[in-house]
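See the structures that follow.
Common to both upcoming complexes is chain A, partnered first by chain B, then by chain C.
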Partner chain A sequence: MGSSTVHELDQDFINSFRSPATAGNRIRDLNPISFAIIMLSCSVTAIALPGPAGPAAICLLFAVLSVAAGLAKTFLPLYGKLFAVVGLILFVLRAAFLPGNHILWTVGPISISAEGIIQGLNFSLVVMAVCGAVTFFFAVTPMKNLMLALEQRGVTPRATYIILASFQAITDLGKNTKVVMDAQKSRGIETEGGMVRRTTAFLPILAPVFLAAMSQTEERALALDARAFNSRNRHSHLVSLRPVSSAEIIVVCAVALGAVLSIVGAVFIWN
Partner chain B sequence: MELVSLRNVGFTYAYGDKPALTDISLTIEPGLLYGVVGLNASGKSTLCSVIRGIIPHFHHGELTGEVRIMGKDLLDWDPAELSKSIGYVFQNPFTQISGVKETVFEEIALGLENLGIEREEMIERVTVVVRELGLEALIRKNPNELSGGQRQKVAFASIIAMDADFIIIDEPTSQLDPDASEAVFGIIRQLKERGKSIILVEHKIDLMAEYADRIIVMKGGQVVMEGPARDVLVSDGLGDAGVPYPEVTELAFALARAGKPLSSVPITRAEAAQLVSDRIKEAPHAHSAL
Partner chain C sequence: MKHKKGFSALMRSYGRLTIFMIPIGIATNFIGGQIAILLKLPMYLDSIGTILVGALCGGLPGALVGTISNLINSITSPTLAPYATLSILFGFLAGWLSKHGVFKSLWKTLLASIPFALIGSILGGLITIWVFGGLGGSGGALIVGALVAAGMDLNAAVFTAAIPMDFLDKIPTVLVVFLILKRIPTRLFVKLPLGYVYLNKAKTTSTTSAVNPVDDEDDELALG
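Presenting the complex of A and B:
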């Protein structure tokens, strides 16, 4: 034994693998596939319900759910930003350029109509509801749980790996760009300043960043091969997901039914 | 049956200007620890890659001669089966992290998942290697945020946990401090005691003398010598390949040059201590013995 400190084995952490992974929250512990169906149904409902109240209610629902899931702190500011940028732009574009009979006011060549405002509101709220569903889904579902759920449903480890690695590659690309940028800067290459200068500085960065990404892919393939990743036997899993309860199935069915009913309504009643 | 046999094997990397291996004929017997020594670029890692089938399945190039692994021609092997049968700890610790696991514990378990090991056994086996290598403080860390030495330990642990009967280990301690190196060699000794077949590339010749049953000496892409560690480590061939002798062997050579050779040439410290103490005891006058 050397002079280095001897650390205790974190037995709680190890034991955590012996029971299904839990985030200690009903919503976050939903099976990723169940949750994906719920979010998809919500999007469909938002599209089918009469606007603007329908999609607005769905958007509000996400906000409320995020509080219930204990994710308000991360989800709400992000969703707010989406609203402020994407939602607002879509709304303004629609409202400004859609012709209508009830002109409210005119600014230069642009005349804004009541119909334009309603349509703009409808359209942007539907888009925001769909965005909200996707954003909320990824805020709630850790990538690895999603992959695990997919593998349990028979998706091959190879396919889930490619999805996971692609997400990872995007993050890495960002990181590498910063590293190369810093390297260029330290060699006296200008990377700051006006648009033109920044763009010209950026071009030579792309090559090393992409080359690095490609060689990393090859290295990863080797690293995975060393771990018998390509073996054709059934792979087992250290982490397990909670079994899907009948209550969960009922909730999923109810939400999906809601989506179906709203489509029926859209076809036969309110459109 | 022999584990691996190479007959007149040569290899040139796809973009290499000269062969990395030339005319290698070699037999690896099961249950032994083979040490591979040689200067940088002498072809040690390339030889490992051939024996593990990384060449030609992954690294492309021109492979000549015949390679048989466990009696079957390398080209007939399914790469996935090779990866289950032969463990391989690569030289570069930076390229061995899978990049898909969030904690070191899960990273080490990855190989076991791929082998389809049941959860309880998986936890058990990972915990054992974590203890053996002193990785307790790291198990919750993100593998992508480790130092070079930490990565090397995790990479080693990941392959050891898979418990293949034949393991190739390429410079496992290049980034490690003395304590960590000792832990790694402790495990290699245990593997050997459990009857595993091991090929170990290592520059620290004193450690080789301690652990290796046989030594393969490489120079310029050729195997210039292969034999029992005891013979190879005291031979001229070792020095000709530019590889240093064990410290105690150098000492014995120096004594021989001074006209006072020991009764045999030691390769380990323990042997040297024994020989020197014998010499002192048998000498009529202690002060004139050495």
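Presenting the complex of A and C:
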């Protein structure tokens, strides 16, 4: 009995790799390359559309899409933070320092002009729309799916390995850093106090983490060799991506067309 | 397919361990920045990995480390993406300096902080002016704002804020790079493209073992 349930579980697990990977959501199941083109078109549209309203609408669109993709919980706080920090700094500094004729009010050396406010609003919203496209893309697309899609397009596995290994290394070395920091503290290295003292604590934490990682490179070379990473034949993959549907191609073309039209509009109509 | 062959051949010409050093360099950039925050240091210290890989593997791998680190940072704060140019130059500069043995002596290393800091502040300032009109989206922009409020010209304020900040950052950075390079064991230097510099050997003797492309592709990651 026991062994048969284990066997069934194994079958489920194996079967999960027989069909293409799915996140159970239409937006998240888009091919990474198609989604990249859509997001690029959105940022181009945001740059080309006039006034504060155009880019603001694109920013709002990302928020709506994130809800539709079921990612509101992860994306909205991140995007809100970008708005609150980067967007606000970009806007406030422009509103305060850009010269203009219609001075609204003056505080000491700072004079706030109507032109400064409009320009600040335009610029910060365009930057925020482009930022939104980038952050939303990576909130939706898992890095391994993106790399798989790139590999299918002919990018060498060496390049995709470097990217994926980098993310793994950031997590691994981050964990090691905490361990080394605690170890060095317990050996009596001061991590608090004056600036000079804190600066001298930097090297004893970073150096062991770097040197340990470096000496593991040989093992990694062997591990990849054991998995035939250097074989000239086409690499096989455990996970496969869904084939691109014709509806997806139509959506991508429509969004790209929108971007082209907005550029035409920017050149001939509203500028 | 042509591109594929080009990248593989390029990576191979940089020796066998370079492909594994790049992710470590990237992670080092990140944890360097994190340790600086944990220790509440008023500097970034986030280009140590770029300079280390540049010094050990050559300019191009160093530039790759800088670019990818910057792009990964851009995922959560996309306004940093234009500054990838700086990281690329840091990588190439580190490779060039390393080839000329600069990181072998302490005083030369300390002098090397000058070009790094000048690139960081002057080119960084120019990017801030070109892309963001002088008023960027980081904490440094607040200092620029304060200087402008005190009556300084906007462009002058950008550089006045950046130059001391960058020297404060790059002097400890190159110092840490120098001290880490001192601690790398000989057996690892032997396998790295620029390791011959630190082993005080002529380039010709080590190119055959470390840099020369291996024709048999199945053997290129073998340890030798």
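Keep in mind that, in the parts below, the second predicted complex is superposed on the first by the 247 of 271 C-alpha atoms of A that agree within 3 Å, B and C clash if a C-alpha of one lies under 4 Å from a C-alpha of the other, contacts with A are read in each partner's own complex, and residues count from 1 in each chain.
In the analysis below, contacts are C-beta pairs under 8 Å (C-beta built on N, C-alpha and C of every residue); 3 or more make two chains touch, one makes a residue touch a chain.
A quick note: this is a predicted structure, and the numbers were derived from the prediction, not measured.
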Which superposed partner A:99 touches (first chain B, second chain C, both, neither): neither
Which superposed partner A:243 touches (first chain B, second chain C, both, neither): neither
Touching partner for A:170 - first (chain B), second (chain C), both, neither: second
Which of chain B and chain C A:78 touches, first, second, both or neither: second
First (chain B), second (chain C), both or neither touched by A:213: second
Partner chain(s) touched by A:18 [first = chain B, second = chain C, both, neither]: first
Chain B or chain C, by number of chain A residues touched: C
Touching partner for A:144 - first (chain B), second (chain C), both, neither: first
Partner chain in contact with A:161 - chain B first, chain C second, else both or neither: both
Contacts of A:229 with chain B and chain C, given as first, second, both or neither: both
Touching both chain B and chain C, residues of chain A: 161, 165, 168, 220-222, 224-225, 229-232
Complex contact set, residues of chain C against chain A: 1, 3-4, 7-8, 11, 16-17, 19-24, 26-28, 30-32, 34-36, 38-42, 45, 48, 52, 64, 68, 72, 74-79, 81, 132-133, 135-138, 141-142, 144-145, 148-151, 154, 172, 176, 179-180, 183-185, 188, 191, 217-218, 220-223
Residue ranges of chain B touching chain A (in the complex, touch as defined): 54, 58, 79-81, 83-84, 87-90, 95-100, 102, 105-106, 109-120, 122-123, 127, 130-131, 134, 136-137, 139-140, 158-159, 162, 178-179, 182
List of chain A residues in touch with chain B within their complex: 2-4, 6-10, 13-14, 17-18, 144, 157, 161, 164-165, 168, 219-240
Complex contacts: residues of chain A adjacent to chain C: 78, 82, 85-87, 89-90, 93-94, 96-97, 108-110, 123, 127, 130-131, 134-135, 138, 154-156, 158-159, 161-163, 165-170, 172-174, 177, 181, 191, 195, 198-199, 201-203, 205-207, 209-211, 213-215, 217-218, 220-222, 224-225, 229-232
